[in-house]
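Several structures are given next for inspection.
Same chain, two partners: chain A is paired with chain B first, then with chain C.
Entry: the complex of A and B
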């Protein structure tokens, strides 16, 4: 027996409650932050503390979609797997038909239109994920986009999704400086500092992926993250000292 | 051995029949015009998709079998692909490997292989002079011997051959081979 009735219907005052509930599901997911620099794009995610016997390599919240685009998500991991798979196929399909890699905007639009379709279909519920999509177009311009369960997308200079997204976004608004974005290290440090605000127990629970122009995505390992964290802590100490004097 | 040379005024255009499937795998695809590029590019993009989904690239053996399966599936459809293939790759554990595939979807791992009319001549040369322990230079010399034979005995004049080599460091373009006396 097929379910023909749409699950997402309008409420009397014009809300799509299923979509709003999906956004609630996103707010329960672990935080992800994205920063767009001039020649580098960075995505950081909060690694939830996992059980002792679990292999933490299998928990991957940052996924490469193609050599020039990758994304991080917040919300239902299983839903994300479906979306990421479709996006990966579309990236290759695009290369096959037009012989060019996708632009970040194109693949964001594609993902958003999938999400929108599920808010207007028979018997299906919306995807419970928001995603941050970063990458470089083939002309070298960096981009950062955010998609939502409703199927909307917007471009950002820096943004956060998931649990405590509001706190992180406020931090980014306070500390984002246009001149700093020229330096790759400053961009990375901004992302890490933003995450450190909300992540328990510091650097161990952060997973960071960077992509420089004309290079493929690189996931930083624990030592590199520790280096940045110590540099940030030193800077904080110096700032405190200056304040006291 | 057919090569596609297209003369337009004074410009010579040639179609590159070798398709890079991954960093260490090359697919040489000859046959029906159109089918070659369509099939090879389709395989190429699917191999890349595997890399995106799984984080590592398919081995040459897996890629060869995947290609063969696709060819076999299309064979008994309304739109079979009439292409003959040579797949060459380097595997971290198994070393270099060459796979011969034809349009009927036969697959054979072989120490040397050839497709086309030139195969009638070159396979004998390869039979006679191939040894499993050839060094890189000896292998290139053997290839040159094959081309000399074609230059001597084949009814078609083939003026230049593009050569690629795959080793543990990936795919390398060697310089074009021009048979002596060829125009």
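Entry: the complex of A and C
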């Protein structure tokens, strides 16, 4: 008997197949990278090349949830839309009832509970998305969380989801330096360098959003991204030259 | 007149009040007094805030029952913020005023609060809307409200000019508030003013003893 028919059924060896298949769907999505600095949080996504006649403004993979939190996702865009909308309503609802903005952990927990509920109900399938949620709490601490289709969430210093996530994560592990996180520029550069590992043809296919402490989310325009990419390429050349001598 | 009659029937804390909003060249100034009264005799608070910010460049002035006004503005703030974040752009002042109007009209049996919504947006610049007790929405170059407003209709009608400068408008608003607070027993305290322009929001607070004085003071 096949154990992937109904989501509510465990297989004999303890798997929830639908959840695992959802994770496969995530692995097909375009890469997203998140880095948490001391005073800045950064999310970068790979912009898939779009058809000539398509307006690329409508393909947004980074969404603000509130003034102090935003997220990027990998996986089924339509599923993400539903989750993002519920999270946005919850952010406002929280403000109404307790007169304070949500903490990043609270809204992550909320999103994860929704996802978990869908792994335990009849006739519904899990959401096919993993998300990276970043932001600042009202006391100024930065956070980066990752959620999965199973409904689990974890805090990270830097992480990647989507296609080639493993490669990007290994790159981050190799190049993440605690001292660098003090500098906003270094944090942004780390995120871009990580994405460049897997993205085709450089800066044109990267979308980057940053949030500094006490400021709202800002999506960098192509000019700014190009500047960072050029700086990174120069640094690479310097490093190669040094190796040769 | 209608609002004055209504005030004495309001149970609990009311903002027998003076509120106004005036557009000028490049922005809008909203102002209010700061007195909250109960039953026309007792002053509950001398320093209440009647200028509620519902978004970055949009404010609401409240008049009538304080509890109703707070509930409505908080709900409106929820809806406007959600709308803004879904649209990924700042909300229009008209949208904010419309949200207030929906709340007032759909709950007109229970509510006893009137509002002035004013602010700046990219589409139409500075705007002022008044949302009356039953849920009527009206767009005006300037408007006054609250029980104290009855004493300054003459002054504001005579002295308002379109396209004033920021300083002229500030003086106009301050004078209007001072005159109303001088005659209305349920308006008083300090004068709160907020100047909203494309560039930002500036609060001005004028304590009672620094208000402009007129011939008999």
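Following the convention adopted for this analysis, the second predicted complex is superposed on the first by the 238 of 245 C-alpha atoms of A that agree within 3 Å, B and C clash if a C-alpha of one lies under 4 Å from a C-alpha of the other, contacts with A are read in each partner's own complex, and residues count from 1 in each chain.
Definition applied: contacts are C-beta pairs under 8 Å (C-beta built on N, C-alpha and C of every residue); 3 or more make two chains touch, one makes a residue touch a chain.
All values derive from a computational prediction rather than experimental measurement.
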item: Overlay on chain A: chain C relative to chain B, clash or fit; value: clash
item: Partner chain(s) touched by A:64 [first = chain B, second = chain C, both, neither]; value: both
item: First, second, both or neither for A:230, with chain B first and chain C second; value: neither
item: Contacts of A:113 with chain B and chain C, given as first, second, both or neither; value: neither
item: First, second, both or neither for A:92, with chain B first and chain C second; value: both
item: Footprint overlap on chain A, comparing chain B with chain C; value: 64-66, 85, 88-89, 91-93, 95-96
item: Touching residues on chain B, where the partner in the complex is chain A; value: 41-42, 45-46, 48-49, 52-53, 55
item: Contact footprint of chain B on chain A as seen in their complex; value: 64-66, 85, 88-89, 91-93, 95-96
item: Chain A-touching residues of chain C, taken from the complex the two chains share; value: 74-75, 77-79, 81-82, 85-86, 88
item: Chain C contact footprint on chain A (complex, rising order); value: 60, 64-66, 85, 88-89, 91-93, 95-96
